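Here the structure is laid out as structure tokens; the discussion comes afterwards.
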Amino acid sequence: MKKIEAIIRPTKFEELKAALEKIGVRGMTVYDVRGRGLQGAEKQYYRGQEHSIDLFPKIKLEIVCQDESVENIISQILKICKSGKKGDGKIFVYPVERIIRISTREEGGAAL
Amino acid sequence: MKTKFKWITLLITLAISVPGLPVMAAAADAPAIDTGDTAFIIVCAALVMIMTPGLALFYGGMVRKKNVLGTIMQSFAAMALVSVQWVLIGYTLGFGTDIGHLIGNLQWLGMSGVGIDPNPDYSATIPQSVFAVFQLMFAIITVALISGSFAERMRFPIFIAFVLLWTTLVYDPLAHWVWGVNGWLRNLGALDFAGGTVVHISSGVSGLVACLFLGRRREEGFDAMMPHNLPMTMLGAALLWFGWFGFNAGSALGANGLAGHAFLVTNTCAAVGALSWVGAEWLHHGKPTALGFASGLVAGLVAITPAAGFVSPASSILMGIIVGPLCYYAVSHLKSKFGYDDTLDAFGIHGVGGIFGALATGVLATTAVNPAGVDGLLFGNPHQLLVQLIAVVAAVAFAATATFVILNVLSMFASLRISEDAEEIGLDITQHGEDAYSYMEISSAQR
Amino acid sequence: MKTKFKWITLLITLAISVPGLPVMAAAADAPAIDTGDTAFIIVCAALVMIMTPGLALFYGGMVRKKNVLGTIMQSFAAMALVSVQWVLIGYTLGFGTDIGHLIGNLQWLGMSGVGIDPNPDYSATIPQSVFAVFQLMFAIITVALISGSFAERMRFPIFIAFVLLWTTLVYDPLAHWVWGVNGWLRNLGALDFAGGTVVHISSGVSGLVACLFLGRRREEGFDAMMPHNLPMTMLGAALLWFGWFGFNAGSALGANGLAGHAFLVTNTCAAVGALSWVGAEWLHHGKPTALGFASGLVAGLVAITPAAGFVSPASSILMGIIVGPLCYYAVSHLKSKFGYDDTLDAFGIHGVGGIFGALATGVLATTAVNPAGVDGLLFGNPHQLLVQLIAVVAAVAFAATATFVILNVLSMFASLRISEDAEEIGLDITQHGEDAYSYMEISSAQR
Amino acid sequence: MKTKFKWITLLITLAISVPGLPVMAAAADAPAIDTGDTAFIIVCAALVMIMTPGLALFYGGMVRKKNVLGTIMQSFAAMALVSVQWVLIGYTLGFGTDIGHLIGNLQWLGMSGVGIDPNPDYSATIPQSVFAVFQLMFAIITVALISGSFAERMRFPIFIAFVLLWTTLVYDPLAHWVWGVNGWLRNLGALDFAGGTVVHISSGVSGLVACLFLGRRREEGFDAMMPHNLPMTMLGAALLWFGWFGFNAGSALGANGLAGHAFLVTNTCAAVGALSWVGAEWLHHGKPTALGFASGLVAGLVAITPAAGFVSPASSILMGIIVGPLCYYAVSHLKSKFGYDDTLDAFGIHGVGGIFGALATGVLATTAVNPAGVDGLLFGNPHQLLVQLIAVVAAVAFAATATFVILNVLSMFASLRISEDAEEIGLDITQHGEDAYSYMEISSAQR
Amino acid sequence: MKKIEAIIRPTKFEELKAALEKIGVRGMTVYDVRGRGLQGAEKQYYRGQEHSIDLFPKIKLEIVCQDESVENIISQILKICKSGKKGDGKIFVYPVERIIRISTREEGGAAL
Amino acid sequence: MKKIEAIIRPTKFEELKAALEKIGVRGMTVYDVRGRGLQGAEKQYYRGQEHSIDLFPKIKLEIVCQDESVENIISQILKICKSGKKGDGKIFVYPVERIIRISTREEGGAAL
């Protein structure tokens, strides 16, 4: 089992959610985060003082899935979220040891 | 720098010369000022003034959080810009001595001569300066209303230019046509107690033209784009309701029975409009929404505005019953049918509601309520409905054409819309360099 | 559809007939209207009107964020519903010619005959329509106040029915008893300057009955359920304070010395109430809270309401000193002791504060302040305290019984409370299909 | 407990004795009260009252979210504390019969004798109680303004003590000097229509002294410390603008041409100040900010305050053009240059703007606007500028010295500042035991 | 060392926190998240347009613990948070490589 | 590849961000979280009722990096965020299996 974390532009989220639903991926957990990578800074002003904004609002999606689904999900994310510009985001994959569905106590694949 | 100094010198000269005019010279032989009426209209001016911040919140709560300051700033900027324009030239264009039934002359340029003496043409018992500031507040909110139609996408410098051009070229003449002594619509006998035509039809229609001209928001159609702060919108609606008492009751220009009557029917129509809108959506999709309540409330206020001094309480109930579902239909069906992106429904509520109100006034007006008014269709005078129709058509045609021309001209000089990237980031950061909220522990800004 | 049209036809007929009545016919020989008084009461009506949105924010800030729109909507719905009910029937029930010392007759049904002429029974110097709208605003806030007691759990359709029944069956008669010419409590000599008994005791006690009837919130007792937005509550408290000047000073029904006096003691008692509440909690647990300040402020305003035209500034200080700790005790100790879930303490503040204020008026009233008033216990007239006590007992008994009956009847037709699931999800989504805030980047809604 | 009872007994005695004074005895032979003027000033008092909650929001939006309640509470606490102080002693110190041109005597201690009779020394057409509450609202906001300078770091008990001492030792005398009959600055001929010197210079300068005395916030200099809620600040600015009409127009103390004129120039200068500030920052860093708009608006209002009854509309434009960039320079350059941590720029806006306004009044005042005023430098009377300068220097010196002494004395008894840990956690939790917002699902509090 | 992530209903959080405290689990990090799984959608309306809400507010708890505590913690979570209805949530377990307490620089088990 | 999670005091964040930038660590994802560990509770009051606040606002930084950068980053965090008092926070290190940069589809080290 793997956990895919995708950090994406908020404006792509609705489209990605719909695309994932089409390939049968419904379960996910979503976070409001701030992030920075190569994306350039915007400026902000307070009483004449300049401040640079170097953390941008991003959405992080977390999807736990079977090993074999990983490729498919990643390719959907790339398809929808890639504009080619800096700030498109990143995908990370992590190992998961155990999954339990609370409502049924099912474990492993059955719990997905 | 040099030109700036010239400016200042010029203004100093003005500062010297203007008060030289006998602003208060005639104080002794002025017509009798009534302190009650004066107190009333001064306070009403303040009440109408608070409507525009109310509108800023009403609109601001409906946009996404990245655009809230940009939206609020449009209303606030309108307040400042029109305040100056009105003092310099707007008031005299609207209410100066008539030229060709179309516009006022420049007799009160820079408010010279507008002092404590009443101007009996408009209000015999209050200082003219009070009348002028009361009217100013109407000019402010009108142009601010338009901003709801093109919210979330206009560049701020363009907005400034638009406000100045529109208030001068559309509002001031229209106010003169309808309210100015010898204005052609006034001469025709068009009824507009507190600005249904001048304020709501003009702004709503101009909003429609503007949102068509600018085009849809780029994210529209895919994203849900839900209001970011509905309690803010409710507060804004409450301030609108509150200030509208000054708007409508104050339009009696005195603390009298007519003002009391206008207050009563204004409140009634607002209440019924809120209920009938909520009722319509309850029937339609099963939920009575808070935003629907606020929208219906405003629709009711819009509808009663031209009628407040002319119709009975029962008529105000009737108007409220109709205007709620009517405007609900406009924003929920008409808009998606025709596919224009009237972001916050300035047209759907002020345009549609305003047109309805103007025509309903032609039907329901009665001299039993106001002997100085006229009877409408239902009281045996079908002619009045025709007059109202002419006024509506004239206002629609004029506002639409002028707005189109103004935007066209502006678009020759610069792009009206923010860029696609800016739309993604939002008005607040891109136009104003600010972030509305810092609720997170993480400060995204860095020293 | 068909029945809808019948309705409209009916209303059109009304619209035709009503203005036929000589609303303004007598304008010529009307008793002298004073523009100053009229200006004052119109503005005071607007001030009292803004209190209910203030209450919406005061309450809205205290609930959890999933219930904020539902809470705000209860106050707003009360505004719309009572506005219509009052015009149709409420005003005449309250202030029409007395029937059996209990209720007004239907002479002013649908506001017919309520025009620019003053009604010297109540206010000889302002148009009756102004008196009617001023009184309307009191009716609105009273029923809105009750909603604090059963916040976060009542179904919206039930709330609508409750408002209409309660305002008609409880508020209108009670207003008649206390303020109507020949009302039995008025005849008895009960003092209630601006509505301590009519507004605050009645709403507070009804709230207590309602929250007992509905039962505790399901999550109560385990979750902390902290206020979701205290600055909103502070803003609401500020609007209440602001509008209360219209409430109390306006109850002089003229711009005179009594109004000035009422303003002064109102502000003083509010200030002292805020300080004494904060002082009490500072002594009790060591922290002076903002919510405590706001609550004490309101408690002070409640207490002075019946007394504002009858007691001296020094007495208002005394009342403020007592009412703060008293209500603090009610909300922090009494409530948990008896285990009722008076969510936002409508009883603890308006009920307890209102009863205290009514009795204190019987103690501290003095004709030195208002020759048209009477002396209280401290000024040699113990009888007045007895009269006040009778009025309190009557109001408590009547409001409690009637509320109980209304809720009982309603509960025969439908469930009063939202379901357990709905309580978890919140009023906003389940009752209104809306989410108050979209501060997150993640939009939970989907097109 | 025992001492508490003594207190109450004392107050009851007061309650008995005070109304015994013939507060209204002279009602019959009172000079003619004008209902229009009375209505106006009562409403203006309410308008000025709402400014302080407006200020609470204006300031509250600018601080970090952990300090918002603490900041709001400072304004609200000032409202309550000064309301009581004024009734007990403040009013009589400011407006009682002059002692040595420096202070009023104690004739109106506890408001005894302040009733419906006008006090022709100040206002011949309204009850003195109305004059007293109108003036009270000025006293409230003045001390609340100071809190902007030391926001986010003062202990609440110290703030309470500071308010009581400062309003008694600084505001009351200064009000007497400038406005009291026989006050030395009034005798000198200093012009201060609505409180430029008394309110703005005094608060701004005291703020500067206080923030120097307390020192910088510990996190300042590294963290960005951005405003947590700018829409809240905009709403606050709107309420300030709205209430300021009561402040300036109401200072005419009647509903007359002068009030209308003051309204007009107040609005104009506010508008121009907003535009010129925004223009200055647009030139400086390329972005017109919403906070800049709000700040410039307030700067414009501050500048016109002393001048509102004396200068022409053109002059008000000129003043607005200058004051925006001037205050912008103060907050963006002066502050960082001299390194004081005037958190919310009470000095930069009220101090600098107030001094500018007072001097500009000496330049631009003209009897053409107000025959009861005097001419300024530009109208041939350079002496007036000198008089204004003396008033400014006197106010600055007096406020600065007295504030320094007050803080020094207080610091002998207790620490003025919250601890370093408390600064990290915030005022809300540490001073008031409250969390302003619970927007998260996670409730951090536990039952 | 393991990290347990539990995504639960917000209304269960207080109770769970108290229950965990009783078994000696005090350290935790909590996130406001939005999630979807099998739980059905609510409806939302904006100016007459229907939108379905398919992301629900959830609370995510993150607890890093010794391997041997995992079972105990999971059973507490199941005990408190299981209502049997859809939407009860999920538990995930991940491997952790290293733990450091900043205030003391302690590492590993000592840092818990 | 590793993921470093640091839970720190909000007041230290700006300083840490600047320090990390100096050692060339720019990419990061930041979360607003609430946490508890050994840090003592504050008190809160609502209408006279006492509530203890036992979850404190914290900032969580997530930095994915090459194995060899881990030590350097941790030592920066310790340097800046250690005040020695309870509540300073914790650092956790997790294994990462895969990294993709969305804008370029680069994988692994190149994606950092």
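Letters A, B, C, D, E and F name the chains as they come in the text, with residue numbers starting at 1 for each one.
Note that in this section a contact is a pair of C-beta atoms (placed from the backbone, for glycine too) under 8 Å apart; a residue touches a chain by one contact, two chains touch by 3 or more.
Every value quoted in this text rests on a predicted model; they were computed, and no experiment measured them.
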item: Chain E reached from chain C - shortest hop count over touching chains; value: 1
item: Any chain that touches chain F and chain A; value: B, C, D, E
item: Whole-Å gap between the CA centroids of chain B and chain E; value: 51
item: Length of the line joining the C-alpha centres of chain B and chain D, rounded to whole Å; value: 32
item: Chain D and chain F, separation of their C-alpha mean positions in angstrom; value: 44
item: For chain D, residues contacting two or more additional chains; value: 34-37, 39-40, 43, 222-224, 226-227, 229, 235, 285, 287, 289, 291, 433-435, 437, 439-440, 442-443, 445-447
item: Junction residues of chain E - those touching two or more other chains; value: 14, 17, 30-32, 34, 43-46, 49, 51, 54-55, 57-58, 94-95
item: Chain contact topology (line, ring, star, complete or other); value: complete
item: Contact footprint of chain A on chain D as seen in their complex; value: 224, 226-227, 281, 284-285, 287, 289, 291-292, 295, 328, 331-333, 336, 345
item: Complex contact set, residues of chain C against chain E; value: 219, 222-224, 424-425, 429-430, 433-435, 440, 442, 444-447
item: Residues on chain E engaged by chain A in the complex (per definition of touch); value: 2, 6-8, 31-38, 54-55, 58, 60, 74, 77-78, 81-95
item: Contacting residues of chain A [partner chain D, same complex]; value: 43-51
item: List of chain D residues in touch with chain B within their complex; value: 34-37, 39-40, 43, 47, 64-65, 221-231, 234-235, 238-239, 241-242, 245-246, 249, 254-261, 263-264, 267-268, 270-272, 274-275, 285-291, 293-294, 297, 311-315, 317-318, 321, 364, 366, 368-371, 378-379, 437, 439
